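In what comes next, chain A is part of two complexes: it sits with chain B in the first one and with chain C in the second one.
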Partner chain A sequence: MTALGGPKQTAGVQPPTAMGIVLSIVLIVIALALAYLLLQMAGLVALIGIIIGGALVAFGVHFVPVGGAPAAMGQSPGIATGVAMLAAGAGLAGLFAGAWAAPLGLAIAVASGAIGGGLLMAITCTMVNIIYVFGMGIPAASGKVAKDPITGDTFPEYKSQGTEGHGLPFVSWVGGVIGGALGGLGGTLIYLELLGVYQAQLPVILGATVEQIAPVAISLAGIFAVGMFLVNAVLAAYNITGTIEGPHDPKFKRFPRAIIASAVASAVAGIVALGLFQLLGVF
Partner chain B sequence: MTVKVEVGAGGVPHNKIMIYGLVGSLVCLYLTYLNTYLQAPYLAFFGGLAAVAALVWGADTIKHLCSYGLGTGVPSAGMIALGSGVIAALFGATTGPLTPIVTLIVAAIIGAIAGLLANHVVRMDIPAMVSSLTELAVIGAITVLGLVTMACGTFEFLGMITGTITFLGFTMQTYEMSVIGGGVIAAIFMLGAIAIQHAFNACLGPGEKQDRTLMLAAECGFLSMITVAIISFAFIATYAALLAFVISVIGWLYTYKQYIALSKRDAYAWLDAKPIIEPKGGA
Partner chain C sequence: MEEIIFGIGITALAGALATIAGAAEDTESDIGSQGDPNSQVQLAPQMGYVHRIFNKAIAGEPPAYGLWVALGAGLAWAFMAMQINPILAIVLGSALAVFVQGVYATTAYLGRTASLSKFEQPVYVDILKSMTTVTMAHAFVAIFATVTVCHLMNGALGHPFPLPLLGLIWGIALGAAGSATGNPFYGKERQYQNQAFGAGVPIAASGNIVRYAEAGQRNSIDNGFFSAKLGGPASGICFGLIVFFELWRTVVFEPVAAGWGAILVGVVVILIFAIIDRYIEVWARKTFGPYVAPEEASS
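On to the complex of A and B.
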């Protein structure tokens, strides 16, 4: 079920077309080659980091329990908003947490980003359930599985007729936190790779110290990370088409398509972002 | 349960709006280039008008795309538009006088690739996907570029990252007091993203009329322009910023009045609320 009609829902997962696969491989190879030509090994490593970050974002989005408009009326499980909104919230919270920890090194910054994204989703999921249970009087019941895979709670007794389930079962809560963590991790990885490249290039181009160009480098890396994050999140949302309950939902099996699409989109957007200063001053 | 996205038929054909939007925004962007020959950037407000032209075109494109029912909500289309647009806009900005053209080409490439991925890898299989995402990326890029130009008076990259600060009577160049270094680009990003998706998101449903939707898009654009005009006081000469502010307010008032008139036209009934009259002699 989708909130807004949606393209025809066919059984199973349709694999990408041959043209899609060929296009994906060609574009990634071109992007990697360009990265090596423009910035040698540093560019190659940065672009691979961006591609991994984008793929993590797309994978993470599939964990998040998205209920859409029906969830607002208690007619489907999940958080009552769209995929793009939730992913943006979790990813940007992760990005802020990661950017704050950027001077402490890659490992700590990435971990901080993951915790930021996961924490936002944990708070959101908990508050959603408090409102469902104590505000609306809705018990948590999944419509896609009979038993919670983690706690073993059964659902059919609690599911209202004519709905696809309601509330936020524990497995969806766990999925939300994992999704937020992966999204924050991916977003932070994109940010750090871009920041590293800009901090190396900008002082040379502008003839200034690293401290002087810091605001520009941070702002550029941040806005590009946000842009790439949203492109990846929306492609993942198109893959899900509407609502998903979490990792136990049959739609979760579609994730390989989104990972391919996001990897290619990140590679293309990433090479534009990495090559930002190549044309500066040419015209 | 499915909520059908209903789109009103008739109105101006989409291709005509596209040509007007594209040509109008490009002409407006190039008019801001004349700032180079003036003492102060008095023509900066044309950047905002370029964004408004692009937003009107964007609302029609979103209407065209979302009539297929993506299942992800209308805002996701606005997010992918600005997400891919901001990358193209900042890349294009490094090419000096060619900025609007390069921005357009880079945005079209990123958008077309995102569209192909959505259709052939994620398997949305929507006929209008490739053309719509191409248009949306171009619109997002022009919106960002236009609003940034309005804020700092130029569409050249060095103008966006350098500002001046007066300290004890000395004027110094700094990277912090600039549109990108100050992080204003993030505010502009969201102003564009909200403006582009709100119009169709608010007007969709039975009885949707094209002129009303597009008038709301223009109103949202002028509302964003007002905010950017206030921001521009920090970066450009006061009189130029004041001119931009007055033009934005006039534009907003006109489009708001028109939108209310069109809403009254399309409404089944309209109750003009009046203030409660105090009973004579006290209650």
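On to the complex of A and C.
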């Protein structure tokens, strides 16, 4: 216990508490029941899709190598920015790609979303290494592992004195691309589920054709998808607490807790998004 | 065929505009110390190093640019709905968004710096007057170029998202690319120019940022001049490549294999970047070699 009475902060596994799991299951079941009551099977399926999408986003954020302020000084490895911010950049680029491919079907749209997010991270991670190497003359050195699990490169001898490592090892590069791809996939899935529901509801409510309501449905689904993406990215960032090097970092093992939390957050936010028009009708 | 050629032209134009936007964004954020190195600018007076560096970091670059670009795009969208010429509408929207950025920069500098009064860090009014306008000018270039990219995506390439939503998405992506690429160059190479090249800054040196220039005290316009040489252009290339490849693979290859062509090309591009990255990593290890402690530290 700390002086403030909170749980002891450890670098590795921080499993969810029993109370947290029970509360999460109750909230998810209530949200699913509400979705069924509001929109029957279509609502239930859409909410399950949103929950899976949200969990994928939270899981993906844990892969993204983020070094924060210390990385900007070459004091720790990773990309020198915030966890939620970088993940949002990649995931939203994926959402952009997925939404563009939406008319081609679910499989192509989610694959396109994943590639969109992965592409942003691939280019960004490469440019980060270019700056480290050609702008600062610093080779990559992980602070968490002695050897790159993919390439087998050793790090201790390359680490500068007084730092926790620097640069972006190849395993972090791969983690970044996987994280971006999962974020783009999750964000696109949320968008497609919401779009399907709005495209079914709006023509009835507004007495218009599917083509006429398309701009409203796309805008609403897009805004809610962006919002839910940010909720899940920030939740995962809180779970990470600061910086993470990627899948080889001990903090990565904390992901089950973030997945449970983001499933609940996605369920609650998702039911608001799905029941939007019923809620507006009440007021 | 004509449609694809038109699409490639628009893609190239969008990539070029995004490159300009990325370069301007990183230079703007470095002049305002908005990236992660802001922590050192804020820490320095607490360690006894009073300075004349501008610091407007009360939000990260991605959400800040998400706000400004979405604002510029939203206003441009509204002006276009009023039948104003798109170019003029984008200029007007971007100009109004820049005023918000100016208010943000002013209040952020005053707030952050005033909080350091107990460490005897003064609020320099001349810094406020000279730096804010410079960041506003750079921000205008970044916002205008990004809103134009969004307009091209929506109007010319037919992306379904409305302009303000595209502004939010690409504003956040712009900030993410710019902060990721540009921050280390500003943080390590500029703020800690007094530290050895080719090594990270020792944690013990935190806060001891360079405060003096060739003549007199260093200010953030000096830092913008430095960032514009590598950090800014590299950020521009990063954002430009992201926008270009994202559009190119869709515009050219989506008609192939019922949409799977664009995905396959995306995978190939990712693999090419993986090879480039690995080549650079190996080159650095071979060329620079293992870390050697400075003589004064080892003796």
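Basically, the second predicted complex is superposed on the first by the 267 of 283 C-alpha atoms of A that agree within 3 Å, B and C clash if a C-alpha of one lies under 4 Å from a C-alpha of the other, contacts with A are read in each partner's own complex, and residues count from 1 in each chain.
Following the convention adopted for this analysis, contacts are C-beta pairs under 8 Å (C-beta built on N, C-alpha and C of every residue); 3 or more make two chains touch, one makes a residue touch a chain.
Predicted model only: the values in this text are computed from it and were never measured.
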item: Joint occupancy of chain A by chain B and chain C, clash or fit; value: clash
item: Contacts of A:86 with chain B and chain C, given as first, second, both or neither; value: second
item: Which superposed partner A:142 touches (first chain B, second chain C, both, neither); value: neither
item: Partner chain(s) touched by A:269 [first = chain B, second = chain C, both, neither]; value: first
item: First (chain B), second (chain C), both or neither touched by A:126; value: second
item: First, second, both or neither for A:201, with chain B first and chain C second; value: neither
item: Which of chain B and chain C A:17 touches, first, second, both or neither; value: first
item: First, second, both or neither for A:279, with chain B first and chain C second; value: first
item: First (chain B), second (chain C), both or neither touched by A:261; value: first
item: Partner chain in contact with A:172 - chain B first, chain C second, else both or neither; value: neither
item: Superposition clash, chain B against chain C - the stretch among 38-46, 110-118, 164-172 or 200-208 that is involved; value: 200-208
item: Common interface residues of chain A - those touching chain B in one complex and chain C in the other; value: 68-70, 75, 82, 85, 88, 215, 219, 222-223, 226
item: Partner chain A, residues of chain B touching it in the complex; value: 1-5, 66, 68-77, 79-80, 82-88, 90-91, 94-98, 102, 106, 109-110, 113-114, 116-126, 157-158, 161, 175-176, 178, 180-183, 185-186, 189
item: Touch list for chain A against partner chain C, complex; value: 68-75, 79-82, 85-86, 88-90, 92-93, 95-97, 99-102, 104-105, 108, 111-112, 115-116, 118-120, 122-133, 135-141, 151, 153, 157-167, 169-170, 173-174, 177, 214-215, 218-219, 222-223, 226
item: Sites on chain A touched by chain B in the complex; value: 1-7, 14-17, 19-21, 23-24, 27, 68-70, 75, 82-85, 88, 206, 208, 212-213, 215-216, 219-220, 222-224, 226-231, 233-235, 237-242, 257-258, 260-261, 264-265, 268-269, 272-273, 275-277, 279-283
item: Contacting residues of chain C [partner chain A, same complex]; value: 35-40, 60-63, 159-162, 165-166, 168-170, 172-173, 175-177, 179-189, 191-192, 197-206, 230-231, 234-235, 237-238, 241-242, 245-246, 249-250, 254, 258-260, 262-263, 266-267, 269-270, 273-274, 276-278, 280-281, 283-285, 288, 290-291, 293, 297
